[in-house]
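Quick one: structure below, then a few questions.
Chain naming follows the written order as A, B, C and D, and within any one chain the residues start at number 1.
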């Protein structure tokens, strides 16, 4: 597809639209690999997108990746991602590998002129993130697109929330309450994994799920965090490993208070030990004339209060976000026929493909992903300093689609 | 107080307003007696009502009623209701005795010129109800007031529902779904009581709780039932009595479809064996431009959908009916400080006292109570005939306050 | 594939397992066609199923069906279903055409030795249904499988409900409340369609959505309806057609009381004008020791009350049916990552394919579909007779998987 | 009644039980005065308590307090609280005056040998609180009882929560999320009041509503806060006064992270500008084997998850806390007949009266109230220091009833 030398060649980069389908490679076939594969497999059933082909799935274990490729609808499998990104028939690289590999793969793929979608969080460190931002900027100049996969922006209810806020339905936003509660580590005997070691995971609940919450705060408000005070905590400090107990070196839970550039305040708290909460990303936005609440365990519902109505009939209304008028829904079923969690990925692929075909830059960009990383890093710094306020050094402008 | 001979003497009947406080007698001190007593005890804490005194509580067991009188704030107790209604210092008789006594006491009290509040249902039979309606009509001509205690009309959320419907916020009503589910008979070994014998209770779930549901249908819509098809069922046909098993001769559950004079349709179903449902009077009203739902287990909430709003933001809103603008609330606490079930009785007493002081006729009148009895009787007739449609012979006009 | 002459040839009928993928044809590409296509497209991403190929999509409009085939992942399109079912490379026929075509296509396909999945309801009339049952019975003897698409049995929460009931967690079932409320006809100006004419649609809300509710009653309880009393009603009797107003000849809403063989009672009510209710199939099952409630607008949640626990902690618990231990979930995502409405079709295809590969008979069978038709017909008869009780002539045994 | 000189005289202090009813005086007749009066008026209707009399209501405006006394059932009114606490026929002083008067009145009343109930928070400053603790300690030695009115401990659902936690149903508690959201200051044009000035109110949302949340954290867990990090914020810094804009000198919202002595973590956040939230004190407690959630807007419901059940049926159950087996309910109505917000005061009076009659010390004691004040003060200190961790200097043991 597009080569860095010919950025202005056309809506599909250098290659005339329709010459051949876009070739897609995905790297990683675990949880996220399956979710992304499913989205590639189904997106064209529901949306008008440019032609593409699920070319190759990449993984380290040749046998396992071959089986996964067959199961998930990829034509081929491969074990060397470098070879794959060098192929001429590959136009898009979808990176579902663990976070510590993001920077290396993404910068190489962008350098090779491939459009890149990378799972969130952008990377495990600020330094890696900066490299990726630079690579994305360079590639962008050449018409090569990049996107970080904060897929929850594509939940129709949250997309509707962003729309209502942008249209002023809530007035001026005063405060946000965002939390993300899970319980998969509630059992103290749950074994040690790479996700619980700082060197492989970066951080714990913070990077894994607070990243989503923080992205939502910035996305929904079209605003940026300027200062944070935070605290990390590990409830279970040792877990069984294959050779006996091992220390857990990341956080089980985190709390932060965020000041926004607009003057709004936000609180974020996350946990992996909130027994009974399965996937509860909850967001509450309170403005001067309206409010919104959301819970990812009921992702088809947005609760909205219009504070300008007569007080007699004011109340949070449950909007079942399944009408043709709602974001993304026209591609799906009649009203009331709800969507699942995975559809956020389908919508993400749809938007990414349309960005490619129309020659526009996707959002969230790597810069937006970097903005989230900055907040995560500041929370860690604040926690280490006993909660003292930490300023975010550099403000990245958030563009909203 | 007011004598039948001098109906036009003044706003408090024949006696000049403020001469002395109204004297109140209550008959019965079981569940309903306690609830009514509590309302008499607290109504003046919250509302501006004419002066009254809790004079005497009447019951059959002298010792028990004396204890109850002391506990519930009555100055005296008595065992002979006939003597009490003959007293000159008694102006109001509040009948909380079982249904089979309603007709006798109410007609005697009205004949004695006492204002009468009688617990629902009006009576155990249509014949008794007719006597009571005639007595109320005669007394009314003499300025004596009568009311039947369908207290749920005074739940602020249901009063608000009636107001919104009357104001046209729902457009033309098409259908209503009313149900009342409890579970206090879910245990098959729960013992026999007078409530489970036809000769003492009249019917089972039908008269006890379907009566509330049917009153709500007629009240909320300002409409009357014209035809019914119904079914009664007894799941546990025998229960332990003191001398061994006894037959249950009333229904545990009932279902009915109601045609309304306006052309609307309503369904009603009730049960005392719906395990896990404690006091779930649920009402759903669907109109051409709006809808409402309610559940008595969360009595401070009314759910309202405004179908004329943009579809993008339509949804059932949870109105927490605790604002000063809401019915009855200005007498209570600031917004968000919810009321309990019992407050419906406080509001009922408040309205009854205001009817007396202003010389207006209360609603629900005995005629309205009789209208409910007619529907109950028709459901029994239909059930006995295998569900065949039964017409309601005579339509009583429902007046809405 | 399998020929009627060789029913015992093997787990895949006459053809040795693995010889070639099963060839699938789908007939119809409207709403249901898209939903089924999506299920065929994704089932192998999530479940281990026998190999199959999406061979051909059949529709009347050659251009439109070709476009749909491309979009939904079918290799070919065709306009003559007779030709398609005659093809040797077609093993499975998935009938998504309107109800009046079910009998003709299904009997022909079964006669041709094709496994048949047919959308619900089984047919528009009892007579057609009987033909189909006979065809299925004959084909079954030859190892040819048939299934009717009551897909909601494959909602994990409802499958869990059925499991809990079958395991006795609710004790003996006393009563069921099933309703299905929608609002797509709430606007009186919504235009006339074939769905609103008796000759094309058979009936209205009754066959379209009461069929689902009735199937759930029989499925969840493993029980059959023996008697019904019912009522149909049309709120908007005339709707705009291309040449002016046309009469609506089917019901907008229906109510019925059902007696079950076990002695349980069930009520069913459905509406297409319940403004604000989008796709609310609600089921409540009350037993002697437990209860269950469900609402299709929140399909990942099952509410269960265990009545044998200490009363102090009894209550309906919200089970988020997304754990690996729950039906169908192991093929999907980690806990808390909810599924959409469409996944019921994916599970239906999965089970149908496994029935084929293991040589077992699917449920719901055509007989079960016929059982639902009998109840629908009896409700119509009862309604026409003013609600009189109508017995179901012949009881079909429901087999539960 | 009891004199400091004769502490051992008997269960009612120096005066033999039953000599005469306890004489009660209440100081203050605004919102809290009305709520307390209502509780005194109704407590004996529902509970067996020692005899008492509503003697005198005290307020500054002679005319207004006389009217209030009449309305709320007090025999007399008065304007000088010093005279009232000197009366021999007054045994109990119920202080509903604003916070800045608590210390002076309470210490004087205790010195006069009167049992004292004081509204929360204990006082406006730590220094005043210390004086009150000393006075309570001295009085306690003389058999004089004192209690601070954290009435939400007497909400049956929260009392049940505390019981379940104390019995180990949640295992070891890991984290608590407590918030209290209101919206009565959401309108920026809402006028200036004494509640928005630091000199009269002490602080804003912090002392008014965070005090409740913090008390719940300590009460429910039977644990104490050891360290805090906090932030206060004022969204509307100027509000209209009678002579033009005036500065708001207290917080509109507050956030804090609390470390508990047991190792548990708690977060608290409160706001008076959370548009649409009316009185949402929400508490979530996550333990190793169970979890609990609660919302004061639905005060009759406790949600409880038992994590030791089979995962297949785990879920938060809605316990409708209205069974005779539940705390305080046996004095009220049958199951499912819900209580209102005000009943927490009725239960508080009941418990306080029983403490007096049985000669036991009430909880929450002034020491417990002081413990809350310490946490509030530490949050202010932390906020002023940019969120730095502040230790609580002295740990008060919490006794649970």
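Note that in this section contacts are C-beta pairs under 8 Å (C-beta built on N, C-alpha and C of every residue); 3 or more make two chains touch, one makes a residue touch a chain.
Everything numeric in this text was worked out from a predicted model, so none of it was measured.
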{"item": "Result of counting contacting C-beta pairs for A-B and A-C, higher pair", "value": "A-C"}
{"item": "Of all other chains, the one whose Cα centre sits farthest from chain A", "value": "B"}
{"item": "CA centroid of chain A to CA centroid of chain C, Å", "value": "36"}
{"item": "Inter-chain centre distance, chain A versus chain B - centres from mean C-alpha coordinates, in Å", "value": "56"}
{"item": "Residue numbers of chain C (touch at least two other chains)", "value": "277, 305, 314-316, 320"}
{"item": "Touching residues on chain A, where the partner in the complex is chain D", "value": "174-175, 177, 179, 186, 188, 229, 231, 233, 235, 253, 255, 257, 265, 267, 269, 271, 273-277, 284, 286-291, 305, 307, 314-316, 382, 385-389"}
{"item": "Partner chain D, residues of chain B touching it in the complex", "value": "31, 34-35, 37-38, 41-42, 44-46, 71-73, 182, 184, 277-280, 296-300, 320, 322, 333-343"}
{"item": "Chain B to chain A touching residues, read off their complex", "value": "160, 164, 169, 303-306, 310-320, 323, 325-326"}
